[in-house]
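Would you mind keeping the following structure in view while I ask a few things?
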Amino acid sequence: MNRDTIEHLLRQVAGGQVSAEEALRQLETLPFEDLGFARIDHHRTLRRGYPEAIFCQGKTTEQVLAIATRLAASGSLVLATRLSPQAAQALQQRFPQAEYDELARAAVIRPAGAPALEQGLVAVVSAGTADLPVAREAVITARTMGAKVEEIFDVGVAGIHRLLAYSERLRQARVVVVVAGMEGALASVVGGLVHAPVIAVPTSVGYGASFNGLAALLTMLNSCASGVVVVNIDNGFGAGYAAALINNLAGAD
Amino acid sequence: MNRDTIEHLLRQVAGGQVSAEEALRQLETLPFEDLGFARIDHHRTLRRGYPEAIFCQGKTTEQVLAIATRLAASGSLVLATRLSPQAAQALQQRFPQAEYDELARAAVIRPAGAPALEQGLVAVVSAGTADLPVAREAVITARTMGAKVEEIFDVGVAGIHRLLAYSERLRQARVVVVVAGMEGALASVVGGLVHAPVIAVPTSVGYGASFNGLAALLTMLNSCASGVVVVNIDNGFGAGYAAALINNLAGAD
Amino acid sequence: MNRDTIEHLLRQVAGGQVSAEEALRQLETLPFEDLGFARIDHHRTLRRGYPEAIFCQGKTTEQVLAIATRLAASGSLVLATRLSPQAAQALQQRFPQAEYDELARAAVIRPAGAPALEQGLVAVVSAGTADLPVAREAVITARTMGAKVEEIFDVGVAGIHRLLAYSERLRQARVVVVVAGMEGALASVVGGLVHAPVIAVPTSVGYGASFNGLAALLTMLNSCASGVVVVNIDNGFGAGYAAALINNLAGAD
Amino acid sequence: MNRDTIEHLLRQVAGGQVSAEEALRQLETLPFEDLGFARIDHHRTLRRGYPEAIFCQGKTTEQVLAIATRLAASGSLVLATRLSPQAAQALQQRFPQAEYDELARAAVIRPAGAPALEQGLVAVVSAGTADLPVAREAVITARTMGAKVEEIFDVGVAGIHRLLAYSERLRQARVVVVVAGMEGALASVVGGLVHAPVIAVPTSVGYGASFNGLAALLTMLNSCASGVVVVNIDNGFGAGYAAALINNLAGAD
Amino acid sequence: MNRDTIEHLLRQVAGGQVSAEEALRQLETLPFEDLGFARIDHHRTLRRGYPEAIFCQGKTTEQVLAIATRLAASGSLVLATRLSPQAAQALQQRFPQAEYDELARAAVIRPAGAPALEQGLVAVVSAGTADLPVAREAVITARTMGAKVEEIFDVGVAGIHRLLAYSERLRQARVVVVVAGMEGALASVVGGLVHAPVIAVPTSVGYGASFNGLAALLTMLNSCASGVVVVNIDNGFGAGYAAALINNLAGAD
Amino acid sequence: MNRDTIEHLLRQVAGGQVSAEEALRQLETLPFEDLGFARIDHHRTLRRGYPEAIFCQGKTTEQVLAIATRLAASGSLVLATRLSPQAAQALQQRFPQAEYDELARAAVIRPAGAPALEQGLVAVVSAGTADLPVAREAVITARTMGAKVEEIFDVGVAGIHRLLAYSERLRQARVVVVVAGMEGALASVVGGLVHAPVIAVPTSVGYGASFNGLAALLTMLNSCASGVVVVNIDNGFGAGYAAALINNLAGAD
Amino acid sequence: MNRDTIEHLLRQVAGGQVSAEEALRQLETLPFEDLGFARIDHHRTLRRGYPEAIFCQGKTTEQVLAIATRLAASGSLVLATRLSPQAAQALQQRFPQAEYDELARAAVIRPAGAPALEQGLVAVVSAGTADLPVAREAVITARTMGAKVEEIFDVGVAGIHRLLAYSERLRQARVVVVVAGMEGALASVVGGLVHAPVIAVPTSVGYGASFNGLAALLTMLNSCASGVVVVNIDNGFGAGYAAALINNLAGAD
Amino acid sequence: MNRDTIEHLLRQVAGGQVSAEEALRQLETLPFEDLGFARIDHHRTLRRGYPEAIFCQGKTTEQVLAIATRLAASGSLVLATRLSPQAAQALQQRFPQAEYDELARAAVIRPAGAPALEQGLVAVVSAGTADLPVAREAVITARTMGAKVEEIFDVGVAGIHRLLAYSERLRQARVVVVVAGMEGALASVVGGLVHAPVIAVPTSVGYGASFNGLAALLTMLNSCASGVVVVNIDNGFGAGYAAALINNLAGAD
């Protein structure tokens, strides 16, 4: 039941076609969701330009294609993450305009004529080669959401000077995403170098007592640097999404 | 050695009182941190208005007083968190102008004449009565950093309608801090209601299999809502700090 | 805004004192929770006789008294759990009619004239002496909610014949609550003896590798007996509550 | 030795063919389980219509077929869960009447002429597509045990309005099964919406810090909503079984 | 219903006073435990001389006294473990003949005239001073059960020669109990020196990553020496009990 | 350096061929192992008839064959556990007399003419079909070491009467091995039924919160029944080995 | 910017070509890394002879070849660890001079004419056959860094005399690496035998409650022997690297 | 029986006062440890100057005094760690010459005339104020063992420039001890700055997801910097001990 329905009901009460008691009964039994969906529709408008994401891991190629087709048909900007090679190939056949990033295992399908914004600055920093898929997923997500993104890869804490060389560039970013596995110490060091909020992404890169990313996750949660927040292990999408939300708060440059 | 010292040295070189070789030697043997502090000093300027924080847990009252006195003397805005009742009393005796919040276990000492900004909007949402100390710590931290903060307390997921009643207000915030113990589900629900970034703070409130906040932490890290980031268990300060950084990105209203 | 308020508004529309447009505006700007409370009020009616529970752990005696007073004043049946001795004493002074169970650390405050139902049958089984506080909390909760409860205490799996002696009585119960610490094996054995649903409550009783109830919790979750469900460690209240809900489904005998 | 055997023995004693001493000796040396089976037989009667379940994971196709054949031959209603595709195919060849659900990985073999009851109402709610196999296992288990089941799928907490739209339907259920992976917050929200007991099933869906379902499990155990009980990770069968037990307590509608 | 009762019933059937049908009904409704208790009584006889143990941790002094008094009155050999100093004092006042071991926190109350056996040989080996309470608990338990016990204390693996000096004595034992905290490596080394079964008791002695005995527990469970079995952390009683059972299998020397 | 060597040296000192100083130097630099090996040789004799075990998991077929050949050549009784099908086939080709048990994944190679003892009684009890490989490994190990072994399989706690039917037989065993996965409660129940020592073997059978046997392991370590000791998860060999050591203590029947 | 650049700048100030203000500005905006790299270059010199390591796990054969080629071209001593068989084969084809160790899964590529040092003594001790790959990785790493290495393999604590036989040789080592899985007790025993620092490497060898090396890791961290330090599970490279650093401190013999 | 005793015996054999047979018998029946002590005595000489350490935590003041008195009487250098204030006071009364460090909770009792060496260089680096007790324990241990120690305290990774300012000094150390709680990232950064071995000490400083030092421990074990080894949480003694062993390898400067 939306506003129009309620207005119609009230007019019937005013006009005497419906009694107050009957109107009360109808209002009481209104499906809640109708008011709710109205709100959702409204804020869908506010979110225009943000992608609909499909987390493809654990979905069949058929499911991925079906969801992507439905979303694309509705004019949405579509971001598919964790694509298997098979699903990626099928997606590119179905959507020749899809931009596929093999390293990130992600693809973007833009509605025709949708301009790609490049506002603000999100820096995505990563430590090792093995962290790149997660870092790239963050990059692509933030870019798809309209943020200008700069990649600063291969800067680990064990060679601190390589990182320090990027200090100035890091300080220009509105928000910094730090992607690191192993011991995950990079987040704290970057957090001490910049004033911007830092989104730390632990990765499952490592072995032994890294426990599939748990070590890096705990490191980042316990960071002694202020302004560091954390997302789930390997969650490049989540980090890129939050980074873009934050970056876009300050609007275009 | 700060900027002034280096400038003075260069002027002596320019004036011929010091040779280039001697200046090089002096620069080479400079304690590295002086260059470092120069940078810090520089960006300290950018950060003007942000507090110096003292994490008082595990420090003696004497240590807290000593650090607070040194910081206050340097003109800093001081934020003391996790104050014991004893340390709080001593701090108030030493600094009669200190604003002490018993619930948050935090105190703020403002430099004379420092205006309190109230820009943007940070919403701090919490679930239960026992989460209030952490929530208040976030509130005070963000306020001290210049953000306007609105408290929306006592809205748990088990009574979802209370939370939904605040939907509009939540959507007006630039960033939302969600503080919850027990199962920590509130972060996901709020994350689905707003478009702003959500900073989730698990608290150690609970018993049994809450494992001192671990359950809420895992819940929040695995949130299915996009835009949710997480800080350490009970880290109200960290959440408030990051929230203010994000809020202030978009400047005054 | 409750049902009366809405009814009053609708009557004003019907009577022409308020226009349909004005009524629509008022309804739109209603704090959402009021609609919510209307629903809650409605289902509160369905729930008549069920207690409002106060989890007192971590609350001050003053907070406990304040909440209990407000609830009692509204005519609610009040159940206070995890009462400290101090809070219990204060509660009894304020509410002389309160029924306090020292072992369960719980108190019940009944509205004047509220009949105590005793329908169906909930069996509460426990293993060791140290599990009794949790078991009694379950007993009192279920009784307060109108269930007839039978206590079968001190029947551990290491002396299986004591338990088997109660087989018939156990099979008469509509639902069985099993409270056990240490290795928690009792739930599986009981689950194999009865056809009723079994609610297992691990307790933190034990030492060493019991890890404060984790061992019993895992045992119960992995029970090979069908029909066993689990609540949080030491959560006697939760078990009693769920047991009463299930027991009451089948109505009075 | 079943009831008939004992009765026969007693008649021999009564008829003088067997002395009391000899009968005592025979009774004493009776395999204990025979008395046990007598009881089981007795309550088997009470349980008529409930399925014999085969947990097929870790069993060979041959083992599954052998057990199913023996149970079906004894006239039991058979429910095979966690079927591999190979075992499913073999089962269908052996039992053409078997009802196989590929999504649930489950098959039901009904005795000829066994009526399928549809009493009461169990609602099975799930969050994501990947949770469907577990949810369907719960649905099929409860249905096989005679419950009417309604599926409410794809209602996650991140889009709370979709869930709220089903509030009324949820409130009509005698018991609700909530299946969710990731952070598992759905159980708490549903628990706050209904008065019926809620059986929460964590699933191993997720990645990183979901730790194969541990995060959802902890969330559900710590639920702040009263009336929520939990089963093992991915245990759709257990949830459906317990739900049907509870649903059937109140008999046919 | 014990053997006599059943025999009486059968005689009544034989004599025609009770019909076969009535006897069958009586047998069916017999409380199961009666048969059970008969068995228990029987094997109680076999167990004569073994102590009834009271685990006093978490029990009040009153409860300890009550249980001890009841057991002693029934002529049992009583072993009270984990005695608080208060409970120990009260126990000694009540039972002047009680043998109290302060280090082990255990007391033994023997029935008058009960001989103390000293058969076979149990060696109890421990590493550090802090492990002594647990080691002594094992010693006293095994002695109370009739085993001759030899203490070999303060022999850690970091000074392997001290341990090797006892090789011959260790090899004379029928069973060896090894008590160790920290890394718990002693169990493996002893297991390699002897042919007897080794019962390993991890203790909660240690700090940091010993995690209250978890490290020692895991070490012992993973022992590469054959013949090593493990009991719960700090469970000196359990180790001594099992050791005596094993020791006594071979009877007196 | 064995006793003869030392005696020879001392005689040389007595005879003046070697000075005291030189003898002292030689004694100081004696390889320690020589004394050690002498002892080992000695107790090897005592251990005659016990098998040399090869843990084949993680070894190549070639390595397994090489070790088995060397041991068999030295006249040892060889027990190979955790054999892959390939290694088993190769072993049988090399040693046609090998007794291979496919379920247990174990093979025994007896020296020609070695009699197979069958003394005492070890009962091996297991709960589910999936626990059989571990249970059989225990059976074969204990048998190879000369114990008479009785298998009591498929007796889970959820159907307690099946287990109780074996009470008498269980009480005749000198030692009982209990093999159980899932929640592992069987160990406690058996521990309460018998007076013999019980060796509990948790298995990795289960899913979800069984955490690959951790749940069963914790259950067994926390057993409330006295006389229960535990070995590593899936360690059927270790349990069978310890059981045989204990069983053999009392010698032949 | 290196020393020459700064000296040049200062000379320009001294010569009046550059003002003090301009020089200050240039100094302030210097990329930090230039100073940093100068330092790195400097200490690269000090480190001459130490290998550049490539951790190949998770890298494609192409990536491994590319990195190895670049490092070899720069004249570095290259150490590739965790090589897959494929990558090893490709590496040997590209670098015929590569020394490949199949057991260690490692290869060394030496610059032409680079002498292989053999100074000091590092002892690498391991317990079981399955620990050998990790032990050999440590051996090869330490050797490549110029240390003389002695392998003492297959000396487990369950047969302590085999280890003791090597006591003298162990005491001659400057540093001892101990590699052990299962319960990892070897580190403590060796730590008690020698005065040299001991580097303990837990391996993931084991099953059940070894939890992929966690048990051995905890054992080693809790070692009661002084002088024992620990590296990550399976980190043979790290242990060999640290051992060589320590060994080389004392220079050539 | 020490070296002198054996020498005396051999001289008696040489002199004919004791026969070879009698000497053999005496040697054979020697308590094994005496031979062992001979070896220990021998290497005790090598270790001259190294302290005997007393870990006082969990020991009574009486026990601490007794052990210290015995060790001091034997001429040992005594190091008492983890002293309670009471034990410290008692120790100073008994040994007026004891050097007590309140922050480190440690005391040193030197034999009269024992010179304090100051060779090589051990750097002890720590991050926060709360880490100081552990850092100081490392300092005092290493100093007591003859190393020159330099303290570099209060240099956390969140302010990386403070740490970099000490780069040169750090590079002069033979071995560096890094003490850090919270996320423990300091070890990796220091490991990247120096060529010396780094001993990392995680501390239990932190809260929430630091899990009493577990987070820092995992960080350090997973360090991406080569040459980093780790000791137990809060084990300042162990780090100082290992550092001195390493430092002393290279002898005096």
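Think of it as A, B, C, D, E, F, G and H in the order they're written, each chain with its own count starting at 1.
Methods note: a contact is a pair of C-beta atoms (placed from the backbone, for glycine too) under 8 Å apart; a residue touches a chain by one contact, two chains touch by 3 or more.
All values derive from a computational prediction rather than experimental measurement.
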Item to complete: Have a look at E-G, A-B or C-E and name the one that copies the B-C interface, over half of its contact pairs being the same.
Response: C-E
Discussion item. Over half shared numbers or under half: where do the identical copies chain C and chain E land at their interface, same or different?
Written reply: different
Fill in: chain A-chain G separation of Cα centroids, rounded to whole Å
39
Fill in: Distance between chain centroids, defined by C-alpha means - chain E, chain F (Å)
24
Worksheet item: So which stretches of chain H touch two or more other chains?
Response: 39, 159-160, 164, 167, 208-210, 214, 217, 221-222, 226, 232-233
Response to the item:
Touching pairs here come out as A-B, A-C, A-D, A-G, A-H, B-C, B-D, B-G, B-H, C-D, C-E, C-F, D-E, D-F, E-F, E-G, E-H, F-G, F-H, G-H
Discussion item. Using the touch definition from the top, list the residues of chain H that touch chain B in their complex.
Written reply: 129-130, 159-162, 164-167, 205, 207-210
Fill in: In the complex, chain G residues that touch chain H
39, 43, 46-47, 53, 167, 171, 174-175, 195-197, 199, 217, 221-222, 226-233, 237-239, 241-242, 245-246, 249-251
Fill in: Complex interface listing, chain D residues touching chain E
3, 6-7, 10-11, 13-14, 16, 19-21, 23-24, 27-28, 38
Fill in: Residues of chain G defined as touching chain A within the complex
29, 31-34, 36-37, 39-40, 57-59, 63, 202, 204, 212-214, 217, 232-235
Worksheet item: Once bound in the complex, which stretches of chain F touch chain C?
Response: 127-128, 156-160, 164, 182-185, 188-189, 191-193, 206, 208-211, 214-216, 218-226
